[in-house]
Amino acid sequence: MIWQQIVNGISVGSIYALMATGYALIYSLLGFSNWAHGDIAMVGAYLGFFFVASLHLPWWAALILALLGAGLLSVISERVAYRKIRKNNSPTMFLMIAAMGLSVALQNFVLVTIGSKFKTYPQILPVKAIEIGGVYVGLLDLISFLGAVIVIIILYYLIERTKFGLAVKAAAANMQVASLLGINVDKYISLVFLLAGSLAGLSGVFLGMKYTVYPQLGNFALKAFIASVFGGLGSVPGAIVGALFIGLMEVFVAGYVSAGLRDLFTFTLLVAVLVIRPTGLFGKDIQDKA
Amino acid sequence: ACAPKADEDVIKIGYVGALSGETAVWGQAGLNGMLLTAKEINEAGGILGKKVEVVGLDGRGDPTDSVNAFRRLVTEEKVLAVIGTNFSSCNIAMAPIADELKVPLIATAASNPKVTVDENGNLHPYSFRIGFIDPFQGQVLANLASNELGAKTAGVIYDIGSDYSTGLAQYFEEQFVKNGGTVVAKVEAHSGDNDFRSQLSVIAEAKPDVIMVPWIYKDVALIANQARELGITAPMLGGDGWDSPELITMAGPAIEGSFYTSQPSFANPVTKPYYDAYMAEYDNLVPETEALFGHDGLYWIKDALERAGEVSPEALRAALENTTQFDGLMGSMAVDPATHNPAKPASVYTFTNGERVWYGDFK
Amino acid sequence: MAGYYEGLIILVGINIIAVIGVSILTGFTRLFSFGNGGFMAIGAYTGAILSTKLHTPLVVSILGGMLVAGFIAFLLGKITLGLKGDYFLIATLGFGESVRVIIENLQSVTGGARGYSGIPYKTDLLVILVSVAVAIFIAWNLLHSKMGRNFMAIREQEIAADAIGIDTAKYKNMAFVISAMFAAWAGVLFAHYFTFIVPVMFNMVKSTEMTITVVIGGLGSLTGSIVATTLLTLLPELARAAAEYRMLAYGLAVVLIITLRPSGLMGYKEFSARGIYYWLKDRFTRKAVHSSEEASS
Amino acid sequence: MTETILKITDLQKNFGGVVATRDFSLDIEKNKIVGLIGPNGAGKTTIFNIITGIYQPSGGSVEFMGNNIVGKKPYQIALAGIARTFQNIRLFTNLSVLDNVIIASHQDCNYSIFSEMTHLGSFKKTEKAVREHAMQLLEMVGLQDITNRIAGGLPYGHQRRLEIARALAIHPKLLLLDEPAAGMNADESEDLCNFIFDLHRKFDLTIFLIEHHMDVVVKLCDSITVLNFGQTICQGTPEQVIAEPCVIEAYLGEEE
Amino acid sequence: MLTINQLEASYGGIRALRGVSLRVEQGEIVAVLGSNGAGKSTLLKAISAVVKPTAGEILLEGVPTPRVPYRVVEAGIVHVPEGRQIIPNLTVYENLMIGCFLRNDHQQIQKDLEMVYHYFPRLEERKKQYGGLLSGGEQQMLALGRGLMAKPKIMMLDEPSLGLAPIIVNQIFEILTTINREQGATILIVEQNAYKALSIAHRGYMMTTGLVEAEGNAQELLERENLEEIYLGQAGGNRN
C-alpha cells in the first residue's frame, strides 16, 4: 500500500505544483501573491467544460480555448485591478487585497450566472487506471503529471534565461526605472499575466476533470499557495518541491494518522520550515542595506 | 418577497435554507415548493380564512448565517413559524434561538437527534422536524448490509466536519456490529478536500464487503469515482445526503450497485400532481426531495393551526407537538411529544443501469 | 431579547472590537496577519467554557479569553515575527487554520467540528455599547501615545526605528498580542451572543475579511476602520434580499476601493468634526491642479 | 584628559567571499569630530553598520564607553547613546516632521502603561514636555516653521536636517553621520558645516562622519581615517591626510 | 538636436518648471546647474516623459518627443536618474544587460560591456553580486554603466557624481569627455558640482526655481562673477 500512497501523493502534488508555479511566476516577477489565481483556474475549468460539453469541441481545441480564455481573463484582471494599484505606488500587499476581492467577485459571478450546480466533464478519459503491480495509477494523473513537468521546464527557461525574464524582473523591482530603460512595462506585465492565467487555466481543466467543476473549485489553490511559500516565494523549483512534498505528506497523514490532523501537520511543518529558513526552502532574500 | 403590510389577514411563514452555495439546489427547491404550496393553499381559501405568505432567506448552509436569517425572519418579518433548514449543523445552532424567541422551527431533512433534543437530553420545545432521524437511518443501512447484502465486513469513510456524517457513521457501525459484522477500516476526511484517495487506499487494503459513505452527493460522486479508480468494487451505502438527481450525472457508472436511504420521494405516485405542478411552475425544473418538505411543512402548519383554531406561535407549537396523524406527500406521521421526532418509514434506493431504482421501504 | 436591528448593532459592535485589533496590527504596525480569526476562536471557546463549566460572570470570561489568546499570541509572535511580509502572513494563516483543526479535534472539550452549544446569552446591547466604548477608548489612547508612535515608526521604516532605540521585536510582538486580545474579546462576546459556536465561524475567511476591512478603512486610521466595519457588516446584511448578488458586490467593492482610493476611505487621517469641516471647505474653495504622474525618489 | 568614547579593535567583516572590513582599529576620543573617508566600497558604511549593530562582525570588538557592544541589538546600542543617520535617508516618510522627532523621544515618555491606556496621570504633562523638546530640536536645525509638513515631501537638504534632529532626540553621546553633505552644492555644504559645529558645541557631542566632500571633511574634522579595501591606509589631521601620497593615489586623485 | 521651448510642469500646486527653454546640439555636453529644488531633475523627468508637462514643447530633431517613457528611450534619449536607481534583485551583470535592452547588436554589446568594465573595474569584480548589496558609490557606478550600455543619441545624467569618491568623480568626468570626444556622444548633465560640470561642458544653463537664470558658453559662465551669487541667492540667505 505504501507505493499506492506514494502514487496518490505525487498525483495530488503535481496538481498543486501546476498551480504553485503560477503563484511563483507572478511572485517572482511582480512580488505579490495572486490570491485570485485559483479562481482563474476555476473559470478555466468552466470554459473547458463549456467547450467540451456544450459546444462539443474536440478535447484539444477545448483545452487550448480554455487556456486562452483563462489567460485573457487574467490579463483583463490585471488591467482592471492591479495596474492602477501599481501606478499608485501602493504597497504590494494592496495587490493581494485586490486579488482577494477579485477572487470573491469571480466566485460569486459564476455563482449568480451559472449557479452552484456541479458540472462533470464528459468522460474523455475513462475513470480506469493503469495497474502496475497492484498499484493503480490514474490515466489523468499521468497526463497531468507530464503536463506539469513540461510546462514547468518551459517556465524556468523563460524566467532565468531570456531577456523577457530580465525585463519583467526589472519592471517588478522599479517600474519607473524599467521604463527609463526602454522597457514597455505594461506590455511585459500583461504577458506575464497571460502566461500565468493560461497556466491557471490548464490546472483548472485538470482539476475540473478530476474533481468536477463548481464555483469554489479555486479554493483548492490555497494549498498550492502554501506549497509555493514552503518552497520559497518566487522560486519555481521551490514551488515544485514544496507541492510534491505537501502532496505526499497530506496523503500519508490522512492515510495513516488522521485526516482531521492533516492540515495541522501541514501548517506546523510550514511554520517550522519558515522559522528555520525564513524565506522557504529555495527563497532568496536580498537584505535591505542601511 | 418582502412584507407589504403587517396585515392581520396574512399568516407569514419563513423559510431558511441554502439559497446559495454548494447545495443551493436543495434550498431553492424547498423554497420553490413552499411558494407553490402557499399558492395552492391560498387558492383553496387559505388557513382559517387568512392568506399564507412565504418569506425565504438565505442561510447559505452555514450555521451563523442560518441563525441570522432566522432572527431576521422572526423579529423583522414577524413570521409565525419557520421551516428549514435541511442541515443538522444549522438546526442545532438555530434550535436554542427558536426556544428563546418562542417561534416554532420545523426542520426539513436535518436528521441528527440533537436538532430537537439537546446534549443533555432536554427537549427544545420549539424545534420540530418532518424527516426521520439518523439512528433510524443508520439502523436501516446496517440491516440492509447484513441481511440483504450479506456483508460481514464494512469500511467507513466519514466527514469529521459534519454532525450528520459522524452521527450516521456511528449509528451504522453500532447496528452493524450488533448484527455480527466487523468494521475493518474506519477513516475520516473533510468535505471540500476533493481528494480521498489516501483514505480510500486504506479501505482498499482492508477489502471490506461494503463501504459506508455518509456524505453529501457531491463528495459521494468524488469518493465513488476515486474508489473505482483504485480498483475498489465493493458496493457503497449512504443516507439522505445522496438524494439528488445530480448524483447519477456526476458519478456515472461508479455508483452502480450502491444503495442509500432517504425519504419517500417523488418516486411515490401520490406525488405526481405536485410534481407536475412544480414542473409547470418552474420551467421544467426537476424538483429535489426538499420540495416535498416544503410542501408537507406548510400543510402540517395548516393542519396544526386548524386544529388549534387560533393563530399564535404558542398555539401552533402545542398543536404541532400533539400531532397524532398528519398525512403528507411523504407519508403519514405522528409526533413523539418527548423528542418531537416523527415516526416515519425510510425508503431504500439503488442504482442499476444508470437509473435510480426504488428498492423498498423500511420501518 | 435581541430584535433584528439590535442584533445587527451587536454584530457591528463585535466586529468593531475585532477589527480594532487588526487595525492596530496592520494599519499602524504594517504587519499583515491572517490569524486573527484563530485568536477570536481561542477567545470564544475559552470564554464559552468558562461561562458554561465554571459559571463565571461575563467580565471574567472576557478577561480569561483575552489572557489565553494574548499568551498564545506572545509565544507565536516570538517565533514568527522574524518572518517578512507574505511569509509572516502565511505563517499566521497556518496558525489560524491550525487553531480550527485543533478545536475540531478536541472533541471532548470543544464539541469538535459540530460546535459548542448552550452558552448563556449575555451579550446584549448594553454590554456591546460599553465594550465598544471601552475598546475604542483604550485603542485610541494607546495609539496616541508612545506605544502607538513606536508602532508607526516600525510601519514607516523599521531600520530607522531600531536606530533610534525602539525595540522593534518587542513592539511588534506587543502589537501582535494586543490585536490577539482584541480578537479574543470580540470572540467571547460573539460566543455569548450566538450562544452556539463552531470552528468554521472563525476560519480563514473571517481573518481575511477583517484585514480587508482595515485596508478599506485606511491603513493607519482607527476611525476609518470603525466606519468600514460598520459599512461592511451592514451592507451585506441589508442587501440580504439580493442574496446572490451581495457577495459579488462585496468583492467588486473591495477591488474598486483599493484601486480608486488606494489609501482607503481615510488614509492616515482620523474622522473628526474639524477634519470634516476642512474637507468641505477644501472641496468648495480650491481647485487643485493634479498631475496624474508620479515622480519618485 | 582625553577620554576614549569608542574603541574599535581588529574589526573584520566578510560577506561571502567579499572582505568588507579587515583588521580595522580606531579609537575615538570624547568630544572630537572624526572623519572616515575612502574609495567607494571601501567598507565605511559597513563599519557604521557594525557599530550600530545592524551587522555582526566576523571578528574584532567594539567598545563604547568601556562596554563591549558587539552582539547587542541595534536598539540597545542606540539606547546606550549612539545615534546615526543613513546614507540613503530613512525618515518616517508619511509622518509629519514633528512626529518624526517625537517618536525618537520615546525614552522621555516614561509614563506607566495604565497612564498610556487612559491618558490620565502624568501622561499629559510628559507629552507636553516631549513636544516642547522636539520643537527645540527642530528650531535648532531650522525646521521650526514646517513642523506639520509630511517628512517625505521635504527637499533633500531639509530631509538630512530632519534626520539629524531625530537622531539628537535620543540624547546621543556619539553621533554617526553617513555622507551628510551628499547632494548638496558647495554653499549648502558650508551651511551644513556650521550647523554640525553648532551641534557639536551645544550637545558636547562626539561626531564620527563619512563624507566624500573633502572641503567638508577638512573643515570639520579633528582627525581623519582613510580606508581602502577595508583597511586603514592612513590616519592623521586633515592637513596630513590630504598630503599623503597614498591617499591621493587611492582616493583624491592627482588634480587637487 | 534637442530643443525645449517654454516648458512648464508642476506637482499638485507646486510649479517646478515655469517656462524653461533650452537646446542641446549634436555632439555637445550641456550642463544644467542650480541649487536644491531648482527644478533640474524635473526638467529631465519631463524630457523622459516621467512627468507630464503642462505647457511647452520638447523636440528631438524637430519632432515632438513621445509621451511614454519607453518610447522616449526608443527615440534615443536615455535618462540616468538621480539617486542610484539600480535594480536591487538583479546582479550587476544583469543590470548592465538590461541597460541595452533595446539593442540587438550582440558583438557591439560585448565590446561596450568590456568598455564599462574597463572604466569601472569594481563592477567587473562584483558582477555576480546583487545590485542591492553594492555600496552606495558602486551603485552609482552601475547606474552610469547601465546608461552607457544603452548607447543613446542623447544621454541625460542626473547628478552622476553624487556620493562618489573624489577620484571617481574626476574619473567620471573624464569618461564623459572621452565618450563625447571619441564617440561623439551628446550629453545633458545636471550637477551640483558646478565647477566640475562646467569644466567639461561646452555650454551651461543656470536654473533658479523653475526658470533659466543664465545661459552661455561654459567658459564664460565659469568666469562670471555671479556664479556663486546665484547659488547664494537661492540657498536661503541666512548664512552666518
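The letters A, B, C, D and E name the chains in turn, as written, and every chain counts its residues from 1.
We adopt the following convention: a residue touches a chain if its C-beta (ideal position, glycine included) is under 8 Å from a C-beta of that chain, and two chains touch if they have at least 3 such contacts.
All values reported here derive from a predicted model rather than from experimental measurement.
For the pair subunit A and subunit D, chains touching both partners: C, E. Hopping across touching chains, the smallest step count from subunit A to subunit B is 1. For subunit E, the chain whose average C-alpha position is most distant is B. Rounded to whole angstrom, the centroid-to-centroid distance between subunit B and subunit C, based on C-alpha atoms, equals 37 Å. Centre-to-centre separation of subunit B and subunit D, using mean CA positions: 74 Å.
Our note on geometry: subunit C versus subunit D, Cα centroid distance of 39 Å, whole angstroms. For the pair subunit A and subunit C, the distance between C-alpha centroids works out to 29 Å. Each of residues 45, 52, 54, 86-88, 90 in subunit D touches at least two other chains.
Along subunit E, residues 50, 81, 83, 85, 133 each make contact with two or more other chains.
Residue positions 111, 176, 258, 260, 288-290 of subunit A are each in touch with at least two other chains. Across the complex, subunit D is touched by residues 35-37, 83, 122, 126, 129, 133-138, 140-141, 159, 162-171, 192-194, 228, 231-232, 235, 239-240 of subunit E.
Those residues of subunit D that touch subunit C in the shared complex are 52-54, 73-76, 78-79, 83-84, 86, 90-95, 99, 102-104, 106-107, 109, 111, 116-119, 123, 127, 166-167, 169-170.
Across the interface of their complex, subunit A is touched by residues 20-25, 160, 187-190, 192-195, 197-199, 201-202, 204-205, 218, 221-222, 225, 228-231, 246, 249-250, 252-254 of subunit B. By the touch criterion stated above, subunit B contacts subunit C in their complex at residues 2, 19-20, 57-58, 62-64, 67-69, 71-72, 74-76, 89, 92-93, 96-97, 100-101, 118-120, 160-163, 166. Those residues of subunit D that touch subunit E in the shared complex are 15, 18, 37-46, 87-88, 155-157, 179, 182-188, 190-191, 194, 212, 214, 250-253, 255-256.
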